[in-house]
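Both of the next two complexes hold chain A, though its partner changes from chain B to chain C.
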Partner chain A sequence: MVHLTIDGKHIEVPEGTTVLRAAQQAGIHIPTLCDHPHLTPYGGCRLCLVDVKGARTLQPSCTLPATEGLEVTTVNEQISDARKFVLSMIFSERNHFCPYCQVSGGDCELQNAAYEQGMTHWMIQPNWNTYKVDASNPYFSYEANRCILCRRCVRTCQELVGNFTLGVEQRGAASILVADLGVPLGESTCVSCGMCVQNCPTGAMMDRRAAYRGLSADAETIKTICTGCSVGCGIEVTIRDNNIIAINGDYDSPVNQGVICKIGRWQSLEAMDSGVAVKTPMIRKNGELVSASWEEALAFASKAIDTTRQSLAALASSSLSVETLYAFKKLFVDGLAIQSVSASEMGKYTNAQKSLAVTNGVFEGHLSALNNADCVVTIGEDLIHQHEVVGFMIKRNLPKGTALICVDTDGSAYGNLPNSVIKINPGTEQQLVKGLIAGMVKLGVKSCACDGCKNPDQVVQDAANATGVESTLILDAAYILGNAQSPVIVYGSTVTSDVDASTLTTIKCLSDMISAEMISVKGNANSVASAQFGLDQPVDMHTAKAAVIVLGDKQPCDELLNAVSKVNTKIVFSAYQNALVETADVVFPVNNWAEEEGHFINMDGTVQKRSQILAANGQGKASAQAIHDLAAQLGFSIDDHWMEALQSTPASVTIA
Partner chain B sequence: MIKQTLTPAFPSDDKRWRIVETAMKRSNYQADALIETLHAVQEAFGFVDESAMQFVSARLNLPASKVYGVATFYNLFQMKPAGEHTLSVCTGTACHVKGNDQIVEFLREEYGLNPGDTTPDGKLSFIGARCVGACGLAPVLIFDGKIVGKLSVDEMKQKIREWVNDES
Partner chain C sequence: MTKPKVASDWLAGCSGCHMSLLDMDERLLDIIDLVDLRATPITDLKHPDKDGVDVGILEGGINNSANLAVAKMMRERCKILVALGDCAVFGGVPAMRNFFDLDETVRYVYTQTMSMDKEAIVPKDPELAVPQRVQALSEVIKVDVFVPGCPPSPDAIYHVLSELAQGRLPNLTGNLLDWH
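Right, the complex of A and B next:
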């Protein structure tokens, strides 16, 4: 601990704390621009200058470490003049025509800082050079004329996202933010997560959808979660007049610690912006879908279900809330005793773990293990294009020396980032993992007493033959892995779909040997809950006479459309018009993700609540309510003991 | 240190890539070998183009944006094939006031060159350099890597003409 005084206040902070952070902890405000609480200090803007007793010049507090006995003053005339000068320099470096800027009037940290210093104008000529606007990315644009070169975006892209797209070219007055080798953002390695936009203090980075729709002061911000995939990232949604203006990552969420992907920020709004909502219940009459009342539609549906019970199939999206999936299971499995009931993924992401959990109990760890991993092995999962935030959590640690080993059938989507890319023949994950285990034994970095490891040379050779990978590559990876202190193994559908869990058992063996955390990505937002409710069986819809399909706000995939193309009677719950709704016999309008609340179990078992953030329009009901109503029509009542039901089956993760 | 098992191919079968490779190998492919590596590329090829930056980025496991940032930060690195001869004119403050402003003007008028340009016949490239750290010798010109200082404007013009004509 070190002791210092700031503006006469005695403060005690841990060693290594900066003066800025110490002041913030003590409730003392120091204006900043290039500083961001979640990024490493940069010390570029000089707005945070403070007076340090005994120092020759003013010091930037954001990079100055607090030391014993330091005496700091944050307000006096010299400081105030310095800040005004700094701001004048920044303003005149580019063309800040505030009235045209989408953040002007409260959401611009530069403008706010100037008002705070009592500035009404600046005395230096602006730089009349015009700079290019990069509008090549579909979701955001970069307006260099408003850029203050604080590099918050650059640090964000590196330190939080691990994408390393942004950099600065040239130097001095010619400095310009660039992507990769100076290409337009839309043609760069940018993955459109928008974190740079979220962290930009000015209007330079513009969220194209949110711009000019309202400033934060006119809007309300609600914390909730993204249900775009099984990561379950915390988000902050800004709404105004029952419309979503913008979505940002929630830094308070322990799951994603603020980082989100393009699905969470932008794509989850696409259906809301351009989809056609189902407004009322509909019934097919004389070949035409016509509007009906809920009563009529429920009566129609229950009659259809009653008469086709023997050959009925029911399928629910695994992106629906726990409450909905529970009601669905209660009605169709427990109530109507239908055989063919499942959720859309049919166990693809959970089968193997569920099997192994029967004998092993909980064996998978928490996503946060990735933050401290010194070696990550990914097996059969492309974390660049799916579950992107998990990919970010891995990639951002690579510059710190975390080793990345990718086992993949089609090379690697990770570009040149991994230390080792092991491209295997399809279906040979297990042999490869065996090879890694034997490799460690052969190299003497780990020992193993099992039969398989008696002759490690042979096992490595067999693995090399089966996987089509050179044995030296297997040994290199085994060496890296065997020497890791806190390794993490991340795997996905090529391993998890197998009910016998044979590959997973081998991975578990590897993990035990090196004390690795195991983490699997789980597909949709509620795949874990679907599996816990037993909604993970393969269902053949082709032979069914009638089908109940609960889509929620998701679109039907081609596979599903094919599977139900011959089904006579289709009962569909959907928020939007789509190809399945068009061919349905009864349609129930349900709410989209923003209009209904519910719980979700993410890939590492964290139970989270999604809140309702928009009032529902039209006659749509919450999906769970719609199923409750159908159950009532059929003479069943559904309890809400979903938590017990979730925990009654062994799971690979702790559900809490 | 963990072994790197991903080896990008050379951008072409030009033998000079071996020199670049050796430079990187000497520093064990550490990220801080970037400047040295770019030097090696510049020396071997006379310029650092996109394919070179891509290769270096892959080989040193560095983001392309980082390589690009460093390559553009230093005037020494050129992105385009240079002319047969390169003339760097220091435009730092000391050299500027001592007459290099007139040299820049002269190059524009006499040869139609702006900083970064090469004459259409590929004979002469003109680079504008910020303070090269030899202010004591101001005004400073660099002829194909050789520093010449303390000349009057006329002497410099003379020298440039001589030098260009001499070599043509």
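Right, the complex of A and C next:
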């Protein structure tokens, strides 16, 4: 610990703490612009200048390490004049005329900084240079004229997202932000996660959908979770007049620590903006879907279910809330005793873990293990395009020396990353993992007493033959993995869909050998809950005479549309009009993700609550309520003991 | 005690700042009690008194030779000069044209905009003021009080005028300080 004095206040901080952080911890405010609490200090803007006793000049507190006996003053006339001058220089560099800008009036950190210094004007007029606006990305624009070159976006792209798209070209006043080697953002390697937009202090990075729709002061911000996939990222939704203005990552969320992807930030809103809501219940009469009351529709549906009970199939989206999936299971499995009941993924992301959990109990770790991993093995999942936030958590650690070994049948998704891509023949994941185990034994970095490892040379050679991978590459990977201190193995659907868990058992063997954390991505937001409720069985919809399909706010896939094309009677719960609704016989309007609350179990097993963000319009009901109503019509009542039900079956993760 | 004399004028602005001044509603009567309102664009007197006023208020930046002459006259005839609004303080919206070539801008607005027909020409009468790059007042004359805002709120203007009327230099802070 070191001891220092800031504005006369005695402060004790751990060695390595900057003066700025020490001041913040002590509740002393120092104005900043280029600093961001989740990025490494940069020292670019000079707004945080402070007076240090004995120092020749004012010092930037954000990069100044606290040292024993340091005496710091944060407020005096010299500091104030310096800060005003710094701000004047920044204002003069580009077009910072506030009335033109969408963040003026509270959301601009540059403007707020000027107010804080009591600036009624700037001392130096702009130099009137102009820069091109890059509007090539569909979700955000880069308005270089408002850029203050703080490089928060550059650091965000590197340190939080690991994408390394943004950088700065030229020097001094000619410095300009570029994507890759100077291509338009829309043609660059940008993955549109929008973290740079979230962290931009001015209006330079502009959220195209949110711009000019209201400032923070006009709006309300609600913390909730994204239910776009099984990661379950924390998000902050800004709403105004029952409309969502913007979505940002929640830095307080332990799951994603602030980072979200384009699905969470923009695409979930795109679906909402373009979707045509189902406004009332509908019944097919004389070949036409016509509006009906809830009572009529429920009566129609319950009659159809009653008469076709023997050949009824029921399917629910695994993106629905736990409450909805539980009600669905209670009604169709426990109540009506229907055989063909499942959730949309039918166990693709959960089968193997569920099987292995029966004998092993909880064996998977938390996503946060990736933050400290020195070696990550990914098996059978493209984390660059799916579950992107998991990919970000891996990629951002690569510059720190974390080794990445990607086992994939395609491998192209990982192609531009600076680490081993092991491209295997389809279906040979298990052989490769066996090869890695034997490779470590052969190289002497680990030992194993099992029968399979008695002749490691042969096993490595067999693995090479089966997978089509050079045995030297397998040995290279085995060497890296065997020497790792905190390895993590991430695997996906090619491993998890197997009910027999044969590949997963081998991965578990590898994991035990090297004390690795095991993590599996689990598809939709509630795949874990679906599996725990037993909604993971394969269901053949083709042979059913009637089908109940709970879509929620999801669109039906072509596979589903084909499967139910011959089904006589279709009862559909949907928030939006779509191809399935068009061919349905009864349609119940349900709320979209923002209009209903509910719980979700993410890939770590963490039970998280999604809040209701918007008031529902029309006659739509929460999905769970709609199923409760149908159950009541059929003479069943449904309890709410979903937590017990979730925990009654062994799971690979701790559900809590 | 004689009331301080106040005059105002508008230059390259939209008159919105003067509208905001009027927007202080009944508080205008308090101001009139405290000051002797002389020439303004919205009263009959059009030029500040030759023997000078105490406070001169200018809205708008300088975008031609006429504005320049008015600004210089106000500076010569007032003791305390107030730059009222973003255009006077920074250049404001008219200054957007500084990002383009001046001759090209003049040609464009007189001949190419939607409302112009084929015969449209750039007027060249020597009586006309000569356009220039838009300047903030402080680039040309000494400014004593800056009141930013587009427009400044009636509260901010009331605060400035009442402080000046009572012989104090106003200090804009909190909600009264707004650049937009």
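The criterion applied here is as follows: the second predicted complex is superposed on the first by the 654 of 656 C-alpha atoms of A that agree within 3 Å, B and C clash if a C-alpha of one lies under 4 Å from a C-alpha of the other, contacts with A are read in each partner's own complex, and residues count from 1 in each chain.
Just so it is clear, a contact is a pair of C-beta atoms (placed from the backbone, for glycine too) under 8 Å apart; a residue touches a chain by one contact, two chains touch by 3 or more.
Because the structure is a prediction, the values reported are computed rather than measured.
Colleague: Looking at the overlay on chain A, is there a clash between chain B and chain C, or do the two fit?
Modeller: Chain B and chain C fit side by side in the superposed model.
Colleague: Look at A:125 in the shared chain and tell me whether it touches chain B only, chain C only, both, or neither; answer first, second, both or neither.
Modeller: A:125: touches chain C, not chain B.
Colleague: Touch check for A:115: first (chain B), second (chain C), both, or neither?
Modeller: In the superposed model, A:115 contacts chain C only, not chain B.
Colleague: For A:432, is the partner it touches chain B (first), chain C (second), both, or none of the two (neither)?
Modeller: After superposition on chain A, A:432 lies in contact with neither partner.
Colleague: Answer with first, second, both or neither: which of chain B and chain C does A:473 touch in the superposed model?
Modeller: Touch partner of A:473: chain B, not chain C.
Colleague: Which chain, chain B or chain C, ends up touching more residues of chain A in the combined arrangement?
Modeller: B
Colleague: So in the superposed three-chain picture, is A:513 touching just chain B, just chain C, both, or none of them (first/second/both/neither)?
Modeller: The answer is neither, since A:513 touches no partner chain.
Colleague: Scan A:168 for contacts with chain B and chain C and give back first, second, both or neither.
Modeller: Once the two structures are laid over each other on A, A:168 reaches chain B alone.
Colleague: Check the residue A:105 against both partner chains and state whether it touches chain B (first), chain C (second), both, or neither.
Modeller: second
Colleague: Just checking: does A:95 make contact with chain B only, chain C only, both, or neither of them? Give me first, second, both or neither.
Modeller: second
Colleague: For the superposed model, what is the least distance in angstrom between any CA atom of chain B and any CA atom of chain C?
Modeller: Nearest C-alpha atoms of the two chains are 21 Å apart.
Colleague: Once bound in the complex, which stretches of chain C touch chain A?
Modeller: Going by the criterion above, the answer is residues 83, 86, 89-93, 95-96, 98-99, 135-136, 138-139, 143, 146-148, 150, 171-173, 177-180.
Colleague: Please give the residue numbers of chain A that touch chain C in the complex, ascending.
Modeller: For this pair, the touching residues of chain A are 95, 97-101, 104-105, 111, 114-115, 118, 120-122, 125-126, 128, 130.
Colleague: Under the stated contact criterion, what part of chain B meets chain A in this complex?
Modeller: Chain B residues touching chain A: 2-6, 8, 31, 50, 53-54, 57-58, 61, 63-69, 72-73, 130.
Colleague: Which residues of chain A touch chain B in the complex?
Modeller: Chain A reaches chain B through residues 154, 158, 164-172, 178-182, 189, 398-399, 401, 403, 416-421, 473, 476-477, 479-480.
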